[in-house]
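Think of it as A, B, C, D, E and F in the order they're written, each chain with its own count starting at 1.
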Amino acid sequence: MPQCYILFLFFFIFFSSSSHASVQDFCVADLKGPDGPAGYPCKSPANVTVSDFVFSGLAKGGNTTNIIQAAVTPAFVAQFPGVNGLGLSMARLDLAPGGVIPFHTHPGASEILVVTRGHITAGFVSSASTVYLETLKKGDVMVFPQGLLHFQVNAAKIHSSAFVSFSSASPGLQILDFALFANNLPSALVGQTTFLDLAQIKKLKGVLGGTG
Amino acid sequence: MPQCYILFLFFFIFFSSSSHASVQDFCVADLKGPDGPAGYPCKSPANVTVSDFVFSGLAKGGNTTNIIQAAVTPAFVAQFPGVNGLGLSMARLDLAPGGVIPFHTHPGASEILVVTRGHITAGFVSSASTVYLETLKKGDVMVFPQGLLHFQVNAAKIHSSAFVSFSSASPGLQILDFALFANNLPSALVGQTTFLDLAQIKKLKGVLGGTG
Amino acid sequence: MPQCYILFLFFFIFFSSSSHASVQDFCVADLKGPDGPAGYPCKSPANVTVSDFVFSGLAKGGNTTNIIQAAVTPAFVAQFPGVNGLGLSMARLDLAPGGVIPFHTHPGASEILVVTRGHITAGFVSSASTVYLETLKKGDVMVFPQGLLHFQVNAAKIHSSAFVSFSSASPGLQILDFALFANNLPSALVGQTTFLDLAQIKKLKGVLGGTG
Amino acid sequence: MPQCYILFLFFFIFFSSSSHASVQDFCVADLKGPDGPAGYPCKSPANVTVSDFVFSGLAKGGNTTNIIQAAVTPAFVAQFPGVNGLGLSMARLDLAPGGVIPFHTHPGASEILVVTRGHITAGFVSSASTVYLETLKKGDVMVFPQGLLHFQVNAAKIHSSAFVSFSSASPGLQILDFALFANNLPSALVGQTTFLDLAQIKKLKGVLGGTG
Amino acid sequence: MPQCYILFLFFFIFFSSSSHASVQDFCVADLKGPDGPAGYPCKSPANVTVSDFVFSGLAKGGNTTNIIQAAVTPAFVAQFPGVNGLGLSMARLDLAPGGVIPFHTHPGASEILVVTRGHITAGFVSSASTVYLETLKKGDVMVFPQGLLHFQVNAAKIHSSAFVSFSSASPGLQILDFALFANNLPSALVGQTTFLDLAQIKKLKGVLGGTG
Amino acid sequence: MPQCYILFLFFFIFFSSSSHASVQDFCVADLKGPDGPAGYPCKSPANVTVSDFVFSGLAKGGNTTNIIQAAVTPAFVAQFPGVNGLGLSMARLDLAPGGVIPFHTHPGASEILVVTRGHITAGFVSSASTVYLETLKKGDVMVFPQGLLHFQVNAAKIHSSAFVSFSSASPGLQILDFALFANNLPSALVGQTTFLDLAQIKKLKGVLGGTG
């Protein structure tokens, strides 16, 4: 048996040396490095700790004292470097009474939402312009296919909240109103490409800080 | 030398039989089959002809006698079965004077546009709400990254046209106005999730045949 | 203006016909069809309803009256056909006091866990045999990279629960004890390939219903 | 209403800060950086302008005063950094009367060709050695599946031209004659592996600058 | 302890039922089903046996009594259904003295070759027409990047053999001579697109059974 | 004809310049660079030689004088930089009489094994806990689907050996015993998550150098 121990030691030495250089099961983001099409460069495994794989920023909801009475708190690769390259990330939604996450898309990911408090009315629209709309209760789950316009609205009289997960470490977030009204796209061009009235466009540009 | 011929014949027989069952370099769509996440089932190679890989439907522009004075003619997998599974498709844009392809996204593909006639003003908006806008001349090329809102407007006094290619055999096409106004999504909910005025919503719903 | 309405109508007709055949932004699983490497065939879009994208089976925890005092309730493609082809799925974990999700892997997916009640001690082991171990509080999030052995243990005196999401619609679930002891793999071979003592193997085979 | 404006401002601040670090919908190539398997590192979004997404180099055809009386002008990632990571690129073909794009493959991409002037005879050969051959008119489209040998020949008495798009930002281009005859591969080895006569090999090596 | 056994039984029942429908870690090809872009439909798990994952067809070399004095024996998905969807397959090469696997490409896969007997001279050519050429001894390994022209020649006076593995279950195999000369592509067109002399073309067409 | 030569020269110059910057058919790993989710940065093509694509380290078996009487010799990207980004790698297994490759997984790859000497008993276990077990003879091939627990045992009285190939340049290697017993995971926690007896755990921890 003592001999066995020594032999096992050989075993240990053998495998660890032979597989040494290729031991990289994950690629924790080095956020200082330049990112590429597949994500950030990997932090050296020697510097990786469990804290790279744990994120506490979703424990509290974001501040909903704003016009949409809602908050989106992301745990994307930029906040949570452990998801780099794994094709997965999360976020937390908080909706005060009357709160709304307005129409938006995630250009690079599908999304699953699970309600953790209250009731949420959620919907998405397909390329065929069909609406898929449901009021979700606590524990209900809904999936929003990649790239399609969708929204969430508080359907309860209390604060509602949800966790959402994405099929990308960096799903993107394009909010429709911001895309149309919070930049310098000339109002006439917005009108021409949305068929909205000029007065409507200028009103929302004013509110959202857009120019032109 | 005659012996050589016979031997070559052996060679021929050998390879064709041994590689017979795995000869499938492409997967022409059998559009009658049920599609799946990766595309349509493959037509039997025995029935594939060159016409599966050729499409003539983009030779003429679509009819631009409509409110947008523009037409989009697709050569997606549904029209052009040879692209099935190849991660690539095309379409043709035609814009009469004053023509507009209104704000839209392709949920599952990036796009490259090349102007073949006239001038086209094209733009896209990023998640950061930055506008990337350019007036393109004949032969100019512009790329629209996956899933982002973009549009094209005729910038010439003549008919303009372009070819666009996509990084998917089935890129999808979600036109913003149709998503918002051409279905039964309740007007109040549209207002709540877009911040548009109710009058504006009802006007466009009326025009586009939406209800609610 | 009435003319405009009519023209818009043309617009409507034009786009819907031209893009008709390629409108498929999602691929809801037809679970009766034969699945393939990329998932199940798509249900006909005409038969898809919002209920395909919504799942209520995670609202209640599974029954934890079992030896592990824990339950895993999946919302994989087999339970939740709307996720087919989208590279995403979910599950719910419930751990009674003392509950354990024993060592397991998901052969085809990475996982993110978010604690919704109680405290959970979770850990995974890398190819380099490094342990990444943390006790998570409510709202904490932890990621488990693809294919690595991991576990979850209730660290609270109360019932704890969590939602987990996966980077696949069909992540798989290989529970270590079941793989080793709940089948007909001969005990001697298990011993040879795990270095466990024969008595230990036979004991667990007995408990888990394994033979040989 | 003035209060509303202020609240909207909050909304604006909230979203832009929370999603700040993860706003990266594209990855414009930093061509000075080292490329990787998925492409080049991303240029900092702050330095990205619309000119990164626009390329004018295809507006004019390449010089066809050469032996093949043809020219290929690429808009691959090296010329057009906006396509980095998007799985898409383009090129322009110009064929003077009698012009030929000789047999070649793109090791990493499928291709779609659209004729914009003249007539082009194009063909590809499958693994089963079947020829798919067609003479294409202006506006006709043809797809060449990934990795297969193909060619294009001017079929008109005038200059013909085409745009081609690829399912990769870096499709590669292996011209058969260059692979066989424009390098130092020993003639005897070329003969052994192609069954071409030595005289033929030496003749083409001489012409194309090959040695050995 | 007896109670424990019963509880374990619960555990057993629980997991097997809850994970029942999603247990599919592999997708053994049902070769009678229509294949799709991602491979064949999956055989029902109930009918899968270990023989689906084992293939004995590479144990013996193919017949090398042919003009190339060589044989390629594939274990692609068509011969070895267990590799379906796994992105991996194999083949065996046998080269009698003087044997040659002539110039060819695999349109959809990279390849690694390991010599198991004799010596093999192998080479590939890049898009830049650079030759990478080496004579490999028993146990040497060489990689051929996807889609590039390559060849193998027996460099020993004895029979040489090798195993090759591919990064696809269906890598394809396009043999240059067959693509050019073993079909009905008109000789003039072959000449125009390869710069080979007509006499050379007609000679090889004659040998390989091509017409035109 | 001399004119022809000069024209060919033009042809040569034309193509090489126009395609110059995008000629990169492979991405040999620069192992000094930081790796990313898709692999290592590419070595400059100017510095790439054939030796990057050839590896001789599998010609001899590893040392089997250890407790498992077996050795695994990898040709992963860390040892064999030419496979970077190509989705393929290899290794060699050597099993002395009585030798065992104990239960392990490759978190990121499927595997094909081909026996080159002796007899090997190999098996894997599915998520459904079904065992797929076979004794393989020389030349037999077996596939192990991604992420599943598997093992190999020498079934001959002589030294047996095999080559294995993987569907990843960096497949990872998680050996079950090492994951459980060769680190500082507390014994009580190992017991709780494996149902092994504490004595068994402490015994194997002792042997494998684990603590806690």
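Simple rule for what comes next: a residue touches a chain if its C-beta (ideal position, glycine included) is under 8 Å from a C-beta of that chain, and two chains touch if they have at least 3 such contacts.
Remember, predicted model here, so these are calculated numbers, not experimental data.
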Co-neighbours of chain A and chain D resolve to B, F
Count how many hops through touching chains it takes, at the least, to reach chain F starting from chain B. 2
How would you label the chain D and chain E contact, same or different, if same means the shared numbers make up over half of all numbers there? same
D-F, B-D or D-E - pair sharing over half of the A-D contact pairs: D-F
Mind checking the centre-to-centre distance between chain A and chain C? Centres are C-alpha means, answer in whole Å. 19
Let me have the rounded angstrom distance from the C-alpha centre of chain B over to the C-alpha centre of chain C, please. 34
Two or more partner chains touched - positions in chain F: 19, 23-25, 36-38, 107-108, 126-127, 133, 145-148, 172-175, 178, 182, 207
Pairwise chain contacts under the document criterion: A-B, A-C, A-D, A-F, B-C, B-D, B-E, C-E, C-F, D-E, D-F, E-F
In the complex, chain F residues that touch chain E: 16, 19, 23-26, 45, 49-50, 53-56, 58-60, 75, 80, 82-83, 86-90, 110-112, 114, 116, 124, 126-128, 132-134, 136-148, 163, 165-167
Chain B-facing residues of chain A, complex: 100-103, 105-108, 121, 123, 125-127, 129-131, 133, 145-149, 151, 153, 172-180, 182-185, 189, 192-197, 200, 203-204, 207
Residues of chain B that touch chain E when the two form their complex: 4-5, 7-12, 14-15, 18-25, 27, 30, 33, 36-42, 84-85
Note which residues of chain A are touching chain D in the complex, please. 31, 34-38, 62-63, 65-68, 71-74, 76-79, 107-108, 170-175, 178, 182, 206-209
